[in-house]
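Please find the structures below.
Paired with chain B in one complex and with chain C in the other, chain A is shared by the two complexes that follow.
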Partner chain A sequence: MAFQILLNFFIAFIWMFLSTNFASSNFVVGFILGMIMIYIMRNFFTSRLYISRFWAVIKLVVLFMKELILANFQVFMVIIKPKLDMNPAFFAMQTELEQDWEITLLSSLITLTPGTIVVHLSDDSKTLYIHAIDIDDVDSAVDSIKNSFEKAILEVSRS
Partner chain B sequence: MKTNDVILKTTSHVVFFIIFLFSIHVFLAGHFAPGGGFVGGLLTSSAIVLLLLVYDLKTVQKLLPINYTIMTASGLVLALGTASIGMFLGKPFFKHYFDHFYLPLIGDTELHTAMLFDTGVYLVVVGVTLTIIQSIGGDD
Partner chain C sequence: MNVNPIIEWVGVLLILGGSLMSLISAFGLLRLPDVYTRSHAATKSSTLAVLLSLLGAFLYFWAHEGYISVRLILGIVFVFLTAPVAGHLITRAAYRSGVELSESSDDDELEDVLFPEGRNKGS
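And now, the complex of A and B:
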């Protein structure tokens, strides 16, 4: 992954030196040419193409924006209801994520979408304890988090 | 009672670099924009204090093996030395000199001896702040 990005930069620099034009636009041209070359040679690399990982990051950002707007709207509906009939709850969620940055990212995404807050992390970093403002069915909430955020993060970190 | 602080650690690893970069930017912007040695030094200290909050004193001392007393002293020497350049050249104390130089990659740059004085201030502020915090936090 890091090696591929470095290789792409290297190809772009070689392109700049070959064409003896050191403008930034020419660097971008060399970078795009390097991307095409790396895509053609994709079977020689042992890890995934960094372009697909980058695409997964963009998809994660778009998903987060969508969830943020939807969850804000839900919390707004809870607030303006005349009757107070919400069901706050704590629930535990098992996570499959391994690395520290993945767990941090998942916790931040859960906390930033309104209505749910990560309050505690178990000592083996396998269980997240989440507080929700209005919840009817715990299993469906866990499933929705697992299917949206966790899947997108796994898509980014898959080697 | 030791809780699992994975989230705090990972976040601080990222935020530390951002604060450090910002402190250098503020330190260099001091001549033509708000900023300067004092604010830059305090921001650098706050980045190191963030590390002190996440880890403990001994770990940070291992990470950054700096003697802050010597840092303070060298900052004072730098500031005084810059101030006394003019005296050796028959000009008053604290006379500053500046000129335009052409540096590679950066281009036309105005270099000023006030920058050296500011570096002295920066070192003194970082040294004093962290000496205070370490001596308060380090009484086991």
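And now, the complex of A and C:
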């Protein structure tokens, strides 16, 4: 993926030298042309196109912002309620993610979103132990994390 | 010329929202029963409060002074990188040193993993 970005920069520079115009707008034109060329040549790369990965990163950021606001709303509702009747609990969640940075990213996202904090990661990096502030059903909580964040991170990292 | 006051007002509303958030987060710190639930209020609400305040300040300076402050953006990014790690570490240290959960808690799947011979028998 880094190779494709470098190649795209290289094409943009070639375009600048070909047209002997070294303004930054000309660089942007060359970059877009390079993107089109890389898209046409996509069958020759072993990994997938960096543009689609970039798009997956943007989708992850948008998902995260949405979940952050929802999470804060949920914590408010718990705090403001006149009677504190929440059920905090610790639950375990199996994760399919393998690399360290993916697990770090997943646990940061879990910590910042709907009423959950990661407390412990098992020694074989397969299970996350999570504390939830108000939980009715462990399975649905696990499912919602798996379907939103873990899927989005897998979408970013798959080769 | 009519765009700038609108952006200024958006900044003002963001700062108001951020201060309300931090107020509610402080209420949460007072009301919630144990360390773990308090850390929820501390990490999440105050992160969003800082985010909203810095974003509001950024928009205000941009519209009013015409000054784009990159440091405010960097501040937002660094708060987002560090706040969850801090929350995680504090909660983890509390759990490992054996702080009790509140009585309203449900189940505790972590206890068997970290303290196989019972919570207060080690150390």
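Definition applied: the second predicted complex is superposed on the first by the 158 of 159 C-alpha atoms of A that agree within 3 Å, B and C clash if a C-alpha of one lies under 4 Å from a C-alpha of the other, contacts with A are read in each partner's own complex, and residues count from 1 in each chain.
Just so we're on the same page, a residue touches a chain if its C-beta (ideal position, glycine included) is under 8 Å from a C-beta of that chain, and two chains touch if they have at least 3 such contacts.
On a predicted model such as this, the values are computed, not experimentally measured, just so you know.
Q: Overlaying on chain A: chain B and chain C, fit or clash?
A: fit
Q: More residues of chain A in touch with chain C or with chain B?
A: When the residues of chain A touched by each partner are counted, C comes out ahead.
Q: Is A:Leu49 touching the first partner chain B, the second partner chain C, both, or neither of them?
A: In the superposition, A:Leu49 contacts neither chain B nor chain C.
Q: For A:Asp100, using the defined touch cut-off, is the partner it touches chain B, chain C, both, or neither? Pick first, second, both or neither.
A: A:Asp100 sits against chain B, while chain C stays out of touch.
Q: Regarding the shared-chain residue A:Ser122, is it in contact with chain B (first), chain C (second), both, or neither?
A: After superposing on A, A:Ser122 lies in contact with both chain B and chain C.
Q: Which angle, as a multiple of 10 degrees, do chain B and chain C span at the CA centre of chain A?
A: Here the answer is 70 degrees.
Q: Is A:Leu7 touching the first partner chain B, the second partner chain C, both, or neither of them?
A: In the superposition, A:Leu7 touches no partner, neither chain B nor chain C.
Q: Upon superposition of the two complexes, what minimum C-alpha distance (Å) separates chain B from chain C?
A: 8
Q: Need the overlap of the two footprints on chain A, from chain B and from chain C, as residue ranges.
A: The overlap between the chain B and chain C interfaces on chain A comprises residues 107-108, 118, 120, 122.
Q: State the interface residues of chain A toward chain B in the complex, per the touch definition above.
A: Touch list, chain A to chain B: 100-101, 103-104, 107-108, 118, 120-123, 125.
Q: Considering only the defined contacts, which chain C positions touch chain A in the complex?
A: 21, 24, 27-28, 31-34, 36-37, 39-41, 43-45, 47-48, 80-81, 83-85, 87-88, 91-92, 95, 101-102, 104-111, 113-114
Q: Would you pull the chain B residues touching chain A in the complex into a rising list?
A: 3-4, 6-7, 9-11
Q: How about chain A: which of its residues touch chain C in the complex?
A: For chain A paired with chain C, touching residues are 68-69, 71-72, 75-76, 78-80, 84-92, 107-109, 111-113, 115, 117-120, 122, 129, 131, 133, 135.
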